[in-house]
């Protein structure tokens, strides 16, 4: 059943050929069988999933619900899930049973999508490999020596290995797109504000966006339809009419102007990645697109700007974890200061501590103007680059990452080169624009993703381009042999 | 660009995070590496550029002044490491 | 060796909204601990703030009342520090772009002298919770009901030069926020909190290091505490020491100030714009809408009472003591057209009754309408002033309006001349000895006869007529 597309599953559910109970059980069995070695789930929720599956079957019998009713989903452990352990990959929240649902979870629950469990991630979404999780690294289903990417590595792995048909992720500097690229699956980070952040544990609030991680663009469109929408509980939620991500999928892309930035194909780009991306661009041309050269001159500034702004926001967002009202508390605190310092120092991992301290430093007296304020100006420049480029083209394409997945343990000692690996994805988060990763081939046996970036509110167009590309290629349908 | 140990101490205090002696040097070196990235920002001319806090030009939406919340403190305090008589407990603060 | 004192005040006024500034929790005073603290107020992960629309016009009102610029695009910033009553580890406030900007001025009067005190700015922020230090041995209890309550922090220029000036300013601001209806001014409950920053220096030298006095909830104690602090600082500096920048509390029992806590280094709050909130944009229309609803300010009212109503400064001050009283008084005058009489009744009988019951004028069982009705009956001679007091007491007890009571108790004044003549004749006939005495020169007897007539008529004879008839008959 796990080799069916979600569309096929949905049809069979509505035709009563299969039940949600059977489908959900199938995935729970696969999780039992394979996740021991992959470590992609922090928490599996079999009772909840089955209860929801039964309910979904009733909904379907009554003709209620929608296309995704009865289709199981895995949620990244960054989304608060009512009465379910929600850890954000951290010891700090190892004992945290969320008292409410994030908007994203609430929407999927309302539709009757059984929750299989919560997927593994870099601690507090800080990382690009899922190695910093308190619960240990997740492995890349394509090569167990490789990382699945991060921070949504768990969700990417479950889709790649068929341990869930749909998954949710979050993207602050590339955390949906890069793991999607490393695991050969599809993922989209929507326009900032399109998906409500209510209940999504905050890392860097002006960058964070939740989004779908699926095998195909069509499935991402369906899931985005459920996840997105105005939410009055989030001040940054876009007040706009309900967007239609689905009906334009089938449009052809003749005359589409595809921008290729000259800066993207510089030294440092893996050969295999480069050839796959160029081949993908050629496919788009075959489909009728027109290739246009564009420029993003301030691309280099995005990384330092991001590594000031995101940790600064994070240092403040994570101050609430103090051992007082919930979460980890150290044993026998001697005084208040000891309570705070030990709870936080014992509860947070090394990378989180590092980023909190960098962030606090960037905001501290004497440095605010040189670092924080400066970075905010660079942010505007990076955004303006995109706006200008989109005057010449409809979408911008390139690699998602300069290399395919690296080995577990290979990059974790060198934070700066890990940061540089985010070079393609980060500028998009600074700008707040939507972007996708679409499977586009392999390099030395490890997947490579094509990056598609669009102007604000162009998710439907991006999904359309990806879908058309997926009609003439089958990278997205491939699955590692051991999990078929 | 390197970070003085005293600066690391100050930030630790502000962030309520302690780094033990074995970690300090490593941490200091790693933070300094990141700060080298920051140096790249200095050279860029941003004289006429306005800082940008949020990517889209949104303004704050307003909420009606109506009570919507009810009391759930018993449920919420199940999550607390230490709570009694409805209050959260911390080691005594001397004012 | 004359020292110059420099005082600046930071006033935190809790706004009279129904809910918190960023969440829909109630801000009603006195609830059981943590029963008015929702997920956002508790700083739960993933929770987000949404701004309460009601705080904006309240802030604008203050700005307009003091003549300050209104910030057209104000921003919420995070003030980062750790404390148990601060659940998110930061307080959402406004640092760089406050909603009320520069230019505000408040006039105070101290010992006959008028002085203008500048207001630097006023900004919106959320209140912290409460720490309870004595309920649990060795531990502090945290109640987050108050966390998130909307505050307007009003910052004065360091323009005050004495404790008296500081208190005059604080009282003025206290009156102002209540008049505007933006804060209930209840200092016992903590809805109006005054922090005083006090320093001293020699004229011609830069300002000295200041100490902050916090948590003092009466004007009397604020004045005492500031005086003590000035003395303390003088002593420190004159003995060659240095004033430490610190927070001090006032102990009313011991009448001394003491240092609050060991403040090693000053806290670095690392202010930056809150990414969960967007800039608050205020238009000309928004400001005009508030301006059109502005009530008359107490100073203007007092001037008007003196010039238009001919009341004394004292009466004007009394009647404008609260906006509620002023509006009550004005409603009475609107009906009776007799300012002085109305003033006397409000300041006299009504205030006496209110004070006896510890009541606020808004809860008065005798409404402005009812009091006006009573005064009209005096004006048209239906009853005498003395009887009116009886009627007032009956109204206060809930026996109805003036006319009802007068009717029911038969309290109408006797004004019929023949009836009065008859009464007078009667009294004079029954008191021949006293008449002789009066005619013999004892003029005090006149009062006796008046008293007898009033007694015979149950106080209802019109005194003026009684006097007139008696004079005639005793000629």
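As written, the chain order gives the labels A, B and C, with residue 1 at the start of each chain.
The criterion applied here is as follows: a contact is a pair of C-beta atoms (placed from the backbone, for glycine too) under 8 Å apart; a residue touches a chain by one contact, two chains touch by 3 or more.
Note that this is a predicted model, so its numbers are computed, not measured.
Is the number of contacting C-beta pairs greater for A-B or for A-C?
Of A-B and A-C, it is A-B that has more C-beta pairs in contact.
Closest chain to the protein CA centroid?
B
Distance from the CA centroid of chain B to that of chain C, rounded to the nearest Å?
The separation of the two C-alpha centroids amounts to 40 Å.
Distance-wise, how many Å sit between the C-alpha centres of chain A and chain B, to the nearest whole number?
Between these chains, centre-to-centre, one finds 23 Å.
Where the CA atoms of chain A average out and where those of chain C average out, how many Å apart are those spots?
Centres of chain A and chain C (C-alpha means) sit 56 Å apart.
Would you mind listing the residues of chain C that make contact with two or more other chains?
Within chain C, residues 39, 42, 44, 50-51, 80, 82, 84, 140, 142, 268, 270, 275, 277-278 contact more than one other chain.
Tell me, which residues of chain A touch at least two other chains?
Expected reply: 96, 99, 206, 232, 235-236, 315, 319, 322, 324-326, 336, 340, 360, 364.
Among the residues of chain B, which ones contact at least 2 other chains?
10, 14, 16, 53-54, 58, 60-61, 63, 72, 76, 82, 88, 90-93, in rising order.
Across the complex, what residues on chain B touch chain C?
Within the complex, chain B contacts chain C at residues 10, 14, 16, 53-54, 58-69, 71-73, 76-77, 82, 84-95.
Can you list the chain A residues touching chain B in their complex?
Residues 96-97, 99, 191-193, 206, 232, 235-236, 238-239, 300-301, 303-305, 307-308, 315, 319, 322-327, 329, 333-342, 344-345, 348, 350, 353-354, 356-358, 360-362, 364, 370-371, 373-381, 383, 415-416, 419, 430-433, 456.
Spell out the residues on chain B that touch chain A in their complex, using ranges where they run on.
Against chain A, the touching part of chain B is residues 3, 7-8, 10-12, 14-19, 23, 27, 30-31, 33-38, 40-42, 44, 46, 49-56, 58, 60-61, 63, 72, 75-76, 79-82, 88, 90-93.
Quick one: in the complex, what on chain A touches chain C?
Its residues touching chain C are 79-80, 86, 88, 93, 96, 99-100, 102, 197-202, 204-206, 232-236, 312-313, 315-316, 318-322, 324-326, 336, 340, 360, 363-365, 368, 372.
Chain A touches which residues of chain C in the complex?
Residues of chain C touching chain A: 39, 42-51, 78, 80, 82, 84, 87-90, 140, 142, 268, 270-272, 275-278.
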